[in-house]
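In the two assemblies presented below, chain A is common to both, partnered first by chain B and then by chain C.
What follows is the complex of A and B.
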């Protein structure tokens, strides 16, 4: 169980929760797209359940399951066509033709039931194939084409009806397997429903897992892109109509088996019900969006309304009216929802919070340790104009210097006079670096997690996810903003995940939000597991194992403090303040050769930001009303390095008085009497002499086993 | 002529009563009504007042459901009207639904009546075999099934409607006689859906007579009980057969579409239009000369009452559902110019018709 660091913010329990944040995170869920249809389904079920006698009976369920299956099969076919960017209006007529043909085959020709079933579905597929051929190969418009085939197929159905219906009506044949299709049961579930469930599962897998399904979605989303990606548009498009026709055929077969009745009116107006169903389910008429589950939800809505009105003894006309009204209202809501959901999330995702912050110490007091100096001015530049934004720097036992780069690179520089060589293209935004006992470089990559780069440049992920917190709406299993790390003698890596809500390039949004969104993680190479040590920590940045290896020091950039987290000894698991109310924004922290610690201030606190921190309403208005580049942000360009004792006392500060070469200092490492300086937006590393003693034992090599 | 129609009604009532009595005496017993030792719901000897009390007691709260293809015509409206009045007065819980000619909905509605465990189902059937299995299923569930007007292969507890074959033969004989007088032998038959029993039997009866009388049937086509559809069929037939003598069809609502086409073609009187059923529109058309003759088969009058009577009988009689398979045919009268203006020749939308 991880330790909760929320109390460090100085705020009460109530501040932990934010309705707005929960809402924003809920809206961001993929399954929320289906929330309106699902709510509608629950709504109609509740309505009819409460107002209609006999709605929640098993017999009513059985009755409904038949119509659900017959409509559902067609809806699934329609969904595939719609996802593929088309529309199939001919389904109702296909159902009518197949219904008649199936009965002719069964009653008049007396074919075996299996043959009747296969041929029926085949006829449906062939009729769909005609649609597909016209639309995909002759390039006719789907709407008008299937409207025409609707009329054509309906005429065929009428001809068949005229010639056969009176004959068929007088014929009768009994076959158990025929009756079983329409009225049988498997494990108490009506056969049509079993068929529907199986077909829905297959369609779901096809759409979401198969190459064909992905291609259909791609074609429906953007024909141009799909063509450029080398897909055969014609074949893919045509195949969707064949599937739709086959499923309409299956539906016609079910109806034939259940009603044993030919009629030119079979399936009349079905296209309307089916389109209503899929649109209610949230399948987009514009293509590229839709799932089998959604089609089923929509089908259920339509069938519940239909059956509910029948139970209430209402006029059949009313069904169409109710359906039309619901469709109209729903289409409007769904359109707005789909269009504005993203915008809404964007607008409300960032929820400014508040920390209790003390007044900043006066750094202008004469003779204080904060007095501006030129100790860092004239630092030797390493890799000038080659490096771009080396946030952190580390030196291994051989004197090789490593640093990340905001372009996603990892550099190796063979000594201060060497030329930087590109060790690896890691990707993401590389931040903290460390070297382990085997000379592998461990690197925290914002947006990716913790990675390892070998001396040959091979990149592998070490820790990219943790177990998800079950009560959080946002999936926090991914490590979004891995920031800095350090390795114990046992090889356990402690590293910070500065924010569970914002990615690397949006780190300043987390600063603006001022909520404890970060956490301290530990990775144990012996188990390969990553666990959360501290949660609800405000922007944990630098991480450093103490000289005695008993504790970890963590910088909170947002709370201007450093904390000590005990990992060994009697105080194991405890969190205690190390240095609080610092006048700057602590970034990285590392050990110094004399038993103290170096801390980099990415910037100094300003009264304006300190005030803004107390006013969440102000920040809320700012992000809403002011363009991003005019936002008031924490100062990140007046940096210094400070030296802190084991007791947290600040001994001295080192400045580049000119604020030119090292405007931002986000990290520093001491090695062989020199201090190496890294900066998030600098174009170089810096190197200054800080220690005259050339004692090899106190080289302060970084990393496990290299101390 | 009032007396004639009155007699017609009486005949139907008598028919119903006779069936009722015979079913009573030959009833196989074993019913839901345990209040008496016989198959009926009344004691062997009782006072008239007690009979009323006892009868109403027996049917009170029974659930009767009527499922029809439509309620947009005077025919079905009359059935509903008579049933509502008849059942309401005896305290029966009566409701009806219509399928708007949608077979899937019709089946779903019938299934729902079964689910609701009604006591009796009165249904108009769109296909001879369509509801067959559901009718059996309803009877197995203990529901009396009364099939109205259009019969089913599966035998219901009672069929109430015309003898379509006989009625059609009667009308066809008239057609043949009229045409023979004109010296023209070509006739066309327009049926309803083609697969409903009314159509199947009407075509059968008319065809038999036409063949016997040496008529030439130029076409037999379904008009879907739809005036415009039937009108389209008639228009085509007129063009193809300039010597056509008459159209014979099995429903006036549909055949009025045919008569309009004949009228528009300026062939009133030259080409006869003959139909079964006689709503007010038929009498009006006969008076205007666009329709030649219609058959009053009690569709808007006796049939609804008969259905109520038989349903009441079944529910009181205690016969097991599905055990008394009966058919009651309504009486038929041909209406033409000679009697079209007589009261009772045609029926209108019931007074105060309201949907629910």
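What follows is the complex of A and C.
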């Protein structure tokens, strides 16, 4: 069970929650798109339930389930066509033709019911196949093609109707299974509804889980991309029309078994109702977006309105007017929302909060430990203009130096005089580097998690996800901003995930937001499990195992403090302050050779920044009104390294007082009497002598980060 | 609810819906005659002295007079050699000259002093004239009459940041009565948001050009007083001292460029009030003459160094810029220093012979163009 570090922020419970942030995270969820139609469904059911007599009766339920099934099957077919980037207007006519044909087969030819069913669906599929062939292979426009076939099929239906309608009305045949299709029940549920549910489940699986479904979605989203990905556009497109035709055929069969008569008016205007239903449900007319579930919700709304108006004894044209209005409104919403959803989320995603922060110590006070000096000026440059952004640096027991690179590299440098050699292309910016007992390099990679690189340069993932927190809207299972790590004697890796909301290049957004979005994780190699040790931590950055191996020291870059988390001994599991209210932004922390700790300040707090931190509204308006390049930050152009005792007392600070070479210092390692300096945006590593070393013993090596 | 309040509400809603379209949120780009270059970085240092900040320069005869704090140095524009130096009781705020031998020196909170520059570069101090001015920023001598711009009646010249961040608008232009030192100065224009510079309109010698620094514009008004009209408006920087340029042009020195963050803080009353009351002005979010790399200086994202380099698109909190303006407000050319260059914060400019001499207060040196500047 993880420990909550929220109290470090000094803020009350109310500040844990933000309506705006929750809303932004909710809007990012795909399933949220069904919320509006679902609410509308509840609304119309409530309305007709309250105002219309006989709405909640079993006979009405039977009627409703028949019409829902007939409309729903067609809607599912339409959904597939729309997701595939087309449109099928001929469905109503297909229903009419299949209806007539089914009755002829059943009544006049007296075929067995199963054969009638299969052939009926086959006729529908064939008619859809004609659409598909014209559109996919002859490259005609879907809209105009299906409009033409709508007229053609409608004419066929009228011919059949003229010739057979009167004959069929006189014939009569009774078959249990025929009646069962239209009016039977399974476990109290009307047969048509059962058919619909089964078909919907199949369609859902096909669209969301099958290769075919993914390809249909891909074609609908972007034909060009789908073609470049090697998909056979014609076959995929044609198949959607075949499925649509087959489902329209099934719907026609249901109508035939229910009415047992042909009529030229069967299925007239059905395409209009179906389009309204699916668009209402959130299936996009632009293609690529839609699910079976949403098509069903839309169908239910349309059927409830239709049935409700019939029960109220309203004229039929009123239903058409209502449908037209709904179609208009939702088609507009579909267009606007589909286009602007990302922008809307982006506008409200960042919600500045605040921390309780004390006034910074006065670094200009004469004689203070913070006095500017030139101890780091003139540091020996390693890999100058070869390295780009070595955030962290580590030296192994052989004297090899390792550091990351903004371009996603891991460098190995054989000693301070050596030339950097590319050990591995990791794919993300390594922010924390450590070496384990077997000389494998463990790295925290921004946006990826914790990885391991062997001495031969083989990269393998070690820890890339944790269990998702069930009550959070945002999926926090991914390790978004792995920042720094350290390994205990037992081989357990403690590492920080600085933010669950922002990626590596956007670290400043987390600073501006000032909310505890980070966490401390641990990885146990014996079980291979990663667990959350501390949650709600404000930008945990540097991580370091204490000299006695009993605790972990964690830098909070956003709260300007260092905390000690006990991992062993009597205080195990406790979190206690180590050094608080620092005047800079603590980045990495490492052991020094003399039993103290080195801490790098990535930058300094400034009075203007501290004031901005007190005013969330100021920061909120700033990010809205001011271009990103002009946003206020703490002073990340002046850095230093400080030395802290085991009791958390700051002993000294080391500066590049001339600000010549190291604009930012985010990490440092002591090795063999030298301090190695890394920086997030620097073009080099630095090396300065810190103290004279009498003998080269293992105690020194311990200071270098390798245990 | 009155109409103004309703309008403000509508404005607030509109700003929320379309934040980038709000009227006062845009800063004009540097284009046309103000297109950026790095010409100032190519200028030759003419004069510098440890610990002193050159503030203004005027050309008198062969010589260039450099004012720095309470001293005036007479400098040879060819060699940079100092011919003589005179120390005043109070800091020098502004100088005006007839171009030949006479210079009027406006001291801060002290009387105006007349100087004569001899041909050998020595100075002879004449009588004091007129009354005491608390914040003289620039002066112009027109037909034997002395006009002085005053930045503010509340703050001194060195408190210009405070005047900007408290939205001061008490600047004025006065005429100092040369004949009678007892009579108070005559107010020509007042209510200006920091009158930072003054020069005669060379196309119409009965008009004055005055920079209204905090409103980013140059205005023109009659010598005898009356309403002013905008000449160059919506400038991308803070125009300050003016000097006569070649032909009918004037030379405009800019304290710095406007930035979105400063404009934003000017709208944020709560933040600004607390900043002004609790923070040392050196560390304010405000334009400045130079960046010292102090640890408490505010920093913006674009100013973060990458690979040890300040990017040229970094927000110009300090910037070096002198521009040539026609008297109708058209800019015909300009000299810039790259963002991050030490040659920022130009406060004075003059033409000496065929050369341009620039007082770069932020860089603590006086610069000169090599050869003719009209290339």
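In the analysis below, the second predicted complex is superposed on the first by the 678 of 707 C-alpha atoms of A that agree within 3 Å, B and C clash if a C-alpha of one lies under 4 Å from a C-alpha of the other, contacts with A are read in each partner's own complex, and residues count from 1 in each chain.
Following the convention adopted for this analysis, contacts are C-beta pairs under 8 Å (C-beta built on N, C-alpha and C of every residue); 3 or more make two chains touch, one makes a residue touch a chain.
In this text, all values refer to a predicted model and were calculated from it rather than measured experimentally.
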item: Clash or fit (per the criteria above) of chain B with chain C on chain A; value: fit
item: Contacts of A:681 with chain B and chain C, given as first, second, both or neither; value: second
item: Chain B versus chain C as contact partner of A:258, first or second or both or neither; value: first
item: Touched partner set for A:373, first chain B, second chain C, both or neither; value: neither
item: Touched partner set for A:57, first chain B, second chain C, both or neither; value: first
item: Which of chain B and chain C A:266 touches, first, second, both or neither; value: first
item: Partner chain(s) touched by A:624 [first = chain B, second = chain C, both, neither]; value: second
item: Contacts of A:172 with chain B and chain C, given as first, second, both or neither; value: first
item: First, second, both or neither for A:316, with chain B first and chain C second; value: first
item: Apex chain A: angle to the C-alpha centres of chain B and chain C, given in degrees as a multiple of 10; value: 120
item: Minimum C-alpha spacing, chains overlaid - chain B and chain C, in Å; value: 47
item: Shared contact residues on chain A - chain B and chain C; value: none
item: List of chain A residues in touch with chain C within their complex; value: 363-364, 372, 385, 388, 508, 603-604, 606-609, 611-612, 615, 618, 621-622, 624-638, 659, 661-664, 681-684
item: For the chain C and chain A complex, residues of the former touching the latter; value: 19, 22, 25, 259-261, 264, 268, 270-271, 274-275, 278-280, 283-285, 293, 295-308, 313-315
item: Of all residues in chain B, those that touch chain A in their complex; value: 95-105, 107-109, 111-112, 114-116, 126-130, 132-133, 153, 191, 193-196, 199-200, 203, 221-222, 224, 355
item: Residues of chain A touching chain B in the complex; value: 54, 57, 59-60, 62-63, 66-67, 70, 161-162, 165-166, 168-172, 179, 183, 255, 258-266, 268-269, 306-307, 310-311, 313-317
